[in-house]
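You will see chain A twice below: alongside chain B first, and alongside chain C after that.
Now for the complex of A and B:
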């Protein structure tokens, strides 16, 4: 009988390395602030919670994105799904605001899923088309300006109030994380996602209704993006054109830094969580250093490349 | 062999998608000219070609990595970077201008080489590696040009964005009013540039062993490896060529607008449109099928469709919506394949 030796599984490696890198970012930032201002704001719980609050929107988008990436697909429509959900929620207003926003997410997810799963159009291009259709719909809806309606009190409360001293947005993020993590780990649907992502043909032959799995995954991604959009509207008190644009690429980067394979079939939710925190803290340290946009972009790209060179390397083709 | 088919018929059969795209383009452009008040005029042709050059080059740039079965998300960023580089170096004496253009194209090519090296020796997925290098390229562009601006030599800007007559007249190579010249003096210079680079760079590359290897990798990488092809060289060459074409796009954009603009949103939009153009042109995102000339046609189809908005009275607010719907419809056309498939399993990769 072989005794199981506790060793670092390949799936856990990215999580440990990324966590280590978070510590590096925090210490570099602290050294910087200590040497220039003599204080260490990065280590104060209040500051960290505030950063996590702004990061929770990215976290929710990334959670949905991860489900789709696990299938080997990608959802490029999250940016305008967020904006559309936020705009429709503020337009409707009242008690129905949040349900309407979420419904937009479900609708977009169904369209995306139908195109990818049933029409068999590559997700890269289909979700891109859906994204531009959503943009067109919102421009037609608002006349190209920011709508005047403001977010409802409940939306604001979800995004910017505090519960027991902790921003409530973090609780929403945690709730979404729990649901996604349990779904991926403990439900048949979650296992079917991994199976389909690894080899759709094998999954199909084993009786998994892969089309429905893909459809449902895109709905999950759409709902997550819509939730993030509704909360972002609550955070900034209103919806505006292009409010989701800054979330697409960081969401993909967070998922990939967390060790999820871009071709699908492999990855853990904890990794995505760590990836989001890494990107949020990297951004906040760079803004503390008052790094100009140019430097940010270069550092941002270099960090992704370096992290992936450490643990994201594929296998050499040998046969 | 009964039914010995002629080579021509075989060529037509093998390229039915490509020929369809060309016919679609010609029909669309013919109707556009019929509807346009200044239709069939040289001025309109010059204007249209000028507005198409950047996206045509980017679509060609995107094609090469797509043929490998990868994607290059940095082409828009490389275009932005080279655009900013060109807005600094393309001015001064004729020698300096020429040197500046070479430097600009070399920048794009070098960035492509870097992409290729990262993908091959870093063994990263192209889509995610180029996502990151794209951020770096935009960052470098912002370093060079924090605010839009810069100068490009006026003469070259004028000569290269007009017809042959103006090109010859600007530099006084010979008497532009000569009788023998008048029959093709109307040809737009941007059209010539695109044709020369598309047929002078892409077609020779496609027929080299490296070019065939790019197709082989996209079809079956394992088989290509077992056949003894040099995969690493082909991959690096593919990304290098993508960088070169993106550099062409950036250089032309600088010449056309006489300025450099490090616009992150614009870079992203151009990248995504380049993917759309590749798909419309009939190149498979799974790799191995298609070509840069097809993407050239695909990009032109998308451009001509957007030209229609100027002459068809449509509410400007509805314009983005119609554009999106056209794109979605165009990419969904491939779905008819799913109806013809007899074996369900063929649908799954």
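Now for the complex of A and C:
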């Protein structure tokens, strides 16, 4: 491939590759289980739905992360945004639990967006700092112990009940996906995210209010992380320290595997969706194979690096 | 002349950049111990010439010889090895390193393989003393120095490479008058040591004072070389102009009184804009002329709300116009549009589709509520493509696939979609083909006839003459000449650009040490 110009096709390529890789993971896993146990749990709808249910938390975080990455920025504060939202929601309890959790997300997003867009602090540093501040606040809030408050019934219902045999968390994930996809494709705000991510200077000189776009994008990311945190608390019936820690890197990985340019400006939401599914299935196949933790990490990391190397070919963008 | 053989000689050198010729069959020679001035308009090929001599660019055809032997430099390091050292227009210092680090950046003195800091410092002190910059601390960071001091460090760095031929490309433009004097003495010293200098400057009086030999370039061709004093100022100006007319311009309407639309009073910004006053009528095209970097770009950006801390008063149709950002400038009450200088970085998102680029400034116009109306958007894109006759396969193709001229049309169409009242254009025809240029000229006149107010900066004087009802020539941040009607001639513009015999006394900008 000598074509240096990105086209619609080059945007779709990662989605096809990642989808193909999902099939590879499923077949390798199935061959393994058939040969060792004689069953094929990976192909049963019940098992897959259960995997997607746990994957929906990651999916919601990744949806918000993608919006920020499209701008060429990154949000490293999602882990403790999740935890903070979950803890505050369980602390408040009652009907206000979920609104309070979401409000935490809005607040964190505003702070991140203000720091990045107006104070011009690099997002990598600023959001990392905010993450640390949130962790400190939560430790102070709980005194360092596991909080005793439990999730409200509505939170539990959203995360672990079933609707027509399908976990309701999947419906929430789908709803969030729909909103983000339509926003990116069909609203001025969404298109301005792409414009700004491609070349902030040209977007600014075209009369795009680039700072507001950046601010709003961080709010979207904060809200998504907060929603995921609230649901995760519902799933495990309570909030706990560090509950979001396992989500930061997989969320970034899912977005990038889905073909979103880490430098911003390019990417489709469908890709992020595929990226999340790939990561969830890869994790579950590795655990079915009873791979020791060390091996799991090595394989997991190698897969991400290899996929990015494959995408890198023929994708030399920009003069 | 001390040598009968030229130290640097070019024969039949040509260089093309994607279709446009930068140098065409140039023969040029420079002798030892000479101070050789090079003159020419913007884009005459001066920069390309020195880039070829100093190894930054390689000629497409022709030969370069140094001291009689044919050479081909693959990079500037080769050229330096042959004794050719260039001080470039854009500073090439690393701001976060110290002065002495910068001076010996390419080949620092070493002991046991490690950089010998003491020798490096001594070397820096000697070189700085040679250009009377003892006040510069070799250990200071370059970023802490004023622009003028930095330029002197740049000169010290070049001297450290022990040049046989020293090239100065606008090297005095940022210097204080004291430092300019020092550089003159230095060049005289070097001349005595039989080092030759190639001196490029837009300041006529400097060239006259310094150089023994002058060469005039025009349109990529070497026009003439002559000894100092062989030609008068007027003759030199005429040599720099006299080009073939390569574009057709739409006829200008007869001058008539027009209702004033845009009024600028005593505008000033930092050092770049100085007390500019200007009034433009409805349906009028006013050109900004002058050499590159005399404040034209800043003036346009300032009107568009990009610059902070502007002083002065701007009104549009009597209402104050103080946009704080381009987003405010394009709003219904002001309706200003700016076609920026560099379409690739300021005008377009190259990787995005033509449609997205066209709509970039107008999403609000094609949306119902928060959602984009797909029909309206498609209609607007089709209109834009049709109106400017953009040659494209599909509106979904990335804009990077278009030719330069069509890319520029996309930028213009993007702004016309906002239905602007005041259109600011920053060199809109730079680097595009003649056919597209003519379309843009016709479009500008059509827009003016529709009552738009147009302010055009162009580095091409012929364009200003062909398109504009009036031309303002800028020099050092201020307007030094206002020409209209038959008074708009190349001679008048070039003379005002160089500020020869101008009414405004020549001022050397002297940034103070921070």
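FYI, the second predicted complex is superposed on the first by the 304 of 319 C-alpha atoms of A that agree within 3 Å, B and C clash if a C-alpha of one lies under 4 Å from a C-alpha of the other, contacts with A are read in each partner's own complex, and residues count from 1 in each chain.
One rule holds in what follows: a contact is a pair of C-beta atoms (placed from the backbone, for glycine too) under 8 Å apart; a residue touches a chain by one contact, two chains touch by 3 or more.
Just so it is clear, the structure is predicted and the values come from calculations on it, not from any experiment.
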| item | value |
| --- | --- |
| Touching partner for A:162 - first (chain B), second (chain C), both, neither | neither |
| Partner chain in contact with A:120 - chain B first, chain C second, else both or neither | first |
| First (chain B), second (chain C), both or neither touched by A:204 | both |
| Between chain B and chain C, more extensive residue contact with chain A | B |
| Which superposed partner A:309 touches (first chain B, second chain C, both, neither) | first |
| Chain C-contacting residues of chain A that also contact chain B | 201, 204-205, 317-319 |
| Chain A residues touching chain B - in the complex, by the definition given at the top | 76, 115, 118-122, 124-126, 128-137, 139-140, 143-144, 200-201, 204-205, 210, 245, 249, 252-253, 256, 262-263, 292-302, 304-305, 308-309, 312-319 |
| Complex contacts: residues of chain B adjacent to chain A | 71, 118, 122-125, 127-129, 131-143, 146, 221-222, 225-226, 231, 262, 264-265, 268, 272, 275-276, 279, 285-286, 315, 317-325, 327-328, 331-332, 334-335, 337-338, 344-345, 347-349 |
| Touching residues on chain A, where the partner in the complex is chain C | 5-8, 186-189, 191-192, 194-195, 198-199, 201-209, 265-266, 317-319 |
| Chain A-facing residues of chain C, complex | 304, 306, 325-327, 329-330, 338, 340, 344-352, 356, 359-361, 363-364, 367, 370-372, 374, 396-398, 400-401, 414, 418 |
